[in-house]
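Both complexes shown next keep chain A, but they swap its partner, so chain B is in the first and chain C is in the second.
Now for the complex of A and B:
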């Protein structure tokens, strides 16, 4: 039980969150309110471990998601008791709980104002700054959110999470070059993150479908990004899926030779290589789908939705072939 | 060498209750007092303001771009290289803007450095004052007593340490005077404080003395800190000389080969 509670849980499905949140009351009952750092006193009470605080944060989030505000406040109270009222993370959590409890636009505006007073002109409270961005975004003030994020990244350009969020916002606005730039920044900070490589490949693929002038260049880089993500993580379904799409598109309208190959752009891979890549991706996707559906024990880590999407892509492909 | 007969000294058993125990108790209590005094006196850790953070993180950012340039395409890297070098050389990231040719600040007038020095002073005071007091208290009341005998034999060299204040040549070094008991308490009470106050207590003097020997390396105490502008210029040069390659250059060929092989 402790294990799943202490794990980061951004990816949890609603059902799992509900299960977690239902654990909350019993955990609140079983763990004492405060801990002492002294050995003498800890003879009489449970000892403190770092996992407990992670678990508290996770449960706090889960309770906010499921609307169990009473438990959420209890967790918050304990965090305040341990880390003090002015701790940066605690301030952010306080705001979060208020946001979750707010039920009209006016209260949200009020919370936003509170964030702004906490932040002031020169403080560097990054958790609260991030909350503010998230709140602005969820209130639909996208341009303000972008502005706030850029402000944050100006004084903290080594924050991969913020760059990723910025890329996401830009992408939602269809600003592909900006999104690509931000994702590249994420990659600079986490050079071996295969999911970010694949994500950048996806964004490049989308950008290629939207513009005609840079189409060739974006598609080439997209293929390369997907290849890199597979190189970093074997059997990565998103990488293969993207590779298949991108190479398929490259095959459909082959690169015109003597395109502007100046200025250090990558030249698109030649047709045989592209074909081979496409073939490889198809084969691998088929293998993953087959093994997953056959219930082989080592192939069960994929999400059902990913498998379904891959299957659909394969079926569409074979339907095209038959025709 | 003939075995010396065991020395026996007839001590008043009351010595134990009126000297050994009081010294120990007083030492423990001062330790606890010092812990709480230093908690009270502790300066809150300073919050970095935006320009400072910008300065630090921009430098780190440049270093990461330099280290991980291989994930970028040539064009993206060139764009970043140009921006970074320009900003570094013009001093755009510097905390105090254009004033990049300033001399390093004098630590005695810089309020930031003063804070650090005040902290050190407070720590020193919290250590020196009780020590002097107890020392003079012990030597005023208890000097010259032999109070106990160690349960294990030790060599003659310890005589000057253990029998401070008792100048008797022939006495077995196992006999201890009250001043030596005091010193033993200074060095030996650390585990007791850990037990009573938790492991991050400020009661023990040993820990504080250790801390003073090596101040944290990123906080230069006195003298000029590293000149940030120079660091930026150095980093600009480092970035300028990078011979760019990308990990994506032949990735599809590598992939085909790797999967097949």
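Now for the complex of A and C:
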């Protein structure tokens, strides 16, 4: 089995999903339908590894996306065969396959009702609760989704994934303070997640552009978050890009002394510090772009779109300087 | 470079086997001598010490085997968080210098893709649109 199948999947581009889904039939053929629990038989037949089940879940998702429902059902059947009908994850996957196959609003409402009967008044089946939130959001009932997610977080407050989803929903509604709060909760749970630090920096930057009163505070905080993300991860293009944007904006309209005095609990950085950070970000971005485009083998992990965006930013910056 | 470390290990193991054989021979010789000296009636007590060359050979063989094993070890992973994280971001999967076996990418990626909350219907639509646009491209 290929290594890539068993890896946790992130947001794949359609082409990659297609490639993954095309592997499905051959994997279904090569791996036996069930594994024997007898010790003697397991000596002769293929052995069961945890990677197989991760791969099945990934392939199930990929097949649902590409519309290969036959393979998706086959994977689901195997998961049911192994883990039983009442397993929490299996229940969630069953719902997922039904959602993918549904083509009208009535069916979706039906699935939603099924979720509610599974959840009942007291059970804490987290995967199914998450599916319910996702379905509500997908159907456009955002306020209900937020409510359900808050209920979920009430009994499972250490679930970083749910907090991240909540932040995303709030952000899609333009509720910046709530989104920032949720992302801070994620950071409390996973303080070393450099991408979440960068994400929070981005959200703060967006919040700074939308409000005038807290503008300076958000910008300062955003610079801090981006700085933390590059502290946690060398050559992090997203962190440097954000740092350059945020410091650039902070340099354009420097904080007034009066604002500093009235809020008290935060101190804007020195202009020299901000300038230094801006210079550093420019230098590092230029280095990353140069090395990536020169084809250095250890610098090819960046997405082409990221590199293009960084290049554009640098070019815009130098054009401003010349002018 | 694998053959270098492998040959070092094989040489070390041969040396070690030779040292063991020497000890065995030495012990056999000693017991034979002791037996013969008993019959001759002149008792000797210096039979327990090994000759220096066998001791040296044993130690040397062990060191050589250890060295070979050390050379064979895979590249060390970075011990600093930011270096390790930076390598994940910077290095393309499957290229040389990849962080080693069991490389799973950024472990915090799932906080942004959130597989538990996946909106499968939206993804299906996106995929269908993509497939359609690709078909158009192929036809042109």
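We adopt the following convention: the second predicted complex is superposed on the first by the 315 of 323 C-alpha atoms of A that agree within 3 Å, B and C clash if a C-alpha of one lies under 4 Å from a C-alpha of the other, contacts with A are read in each partner's own complex, and residues count from 1 in each chain.
Heads up, the rule we're going with is that contacts are C-beta pairs under 8 Å (C-beta built on N, C-alpha and C of every residue); 3 or more make two chains touch, one makes a residue touch a chain.
Just so it is clear, the structure is predicted and the values come from calculations on it, not from any experiment.
Undergrad: Is A:289 contacted by the first partner chain B, the second partner chain C, both or neither?
TA: neither
Undergrad: Going by the contact rule set out at the top, does A:280 touch chain B (first), chain C (second), both, or neither?
TA: Once the two structures are laid over each other on A, A:280 reaches chain B alone.
Undergrad: Output check: A:313 vs chain B and chain C. Expected answer is one of first, second, both, neither. What do you get?
TA: In the superposition, A:313 touches no partner, neither chain B nor chain C.
Undergrad: Where does A:55 make contact in the superposed view: on chain B (first), on chain C (second), on both, or on neither?
TA: In the superposition, A:55 contacts neither chain B nor chain C.
Undergrad: Scan A:237 for contacts with chain B and chain C and give back first, second, both or neither.
TA: After superposing on A, A:237 lies in contact with chain C but is clear of chain B.
Undergrad: Of chain B and chain C, which one contacts the greater number of residues in chain A?
TA: It is C that touches the greater number of chain A residues.
Undergrad: After lining up the shared chain so the two structures overlap, which partner does A:298 touch, if you call chain B first and chain C second: first, second, both or neither?
TA: Touch status of A:298: second partner only.
Undergrad: Counting only touches as set out at the top, which of chain B and chain C does A:181 meet: first, second, both, neither?
TA: first
Undergrad: Does any part of chain A touch chain B in one structure and chain C in the other, and if so which residues?
TA: In chain A, residues 231 are touched by chain B and also by chain C.
Undergrad: Which of the residues in chain A come into contact with chain B in the complex?
TA: The touching residues are 36-40, 122-124, 154-158, 181, 184, 187-189, 191, 197, 221, 223-225, 227-228, 230-231, 263-266, 269, 273, 276-277, 280, 284.
Undergrad: Name, in rising order, each residue of chain B that touches chain A in their complex.
TA: Counting only chain B, the residues touching chain A are 47-51, 53-54, 57-58, 60-61, 64-65, 68-76, 78, 194-200, 247-249, 251-256, 258-259.
Undergrad: For chain C, which residues are in contact with chain A within the complex?
TA: For this pair, the touching residues of chain C are 81-83, 85-93, 95-97, 104-106, 108-124, 126-128, 130-131.
Undergrad: List the residues on chain A that touch chain C in their complex, please.
TA: Within the complex, chain A touches chain C at residues 4, 7-11, 14-15, 17-18, 61, 64-67, 92, 96, 99-100, 102, 127, 130-131, 133-134, 137-138, 160-162, 164-165, 168, 186, 190, 192-196, 199, 231-237, 297-302.
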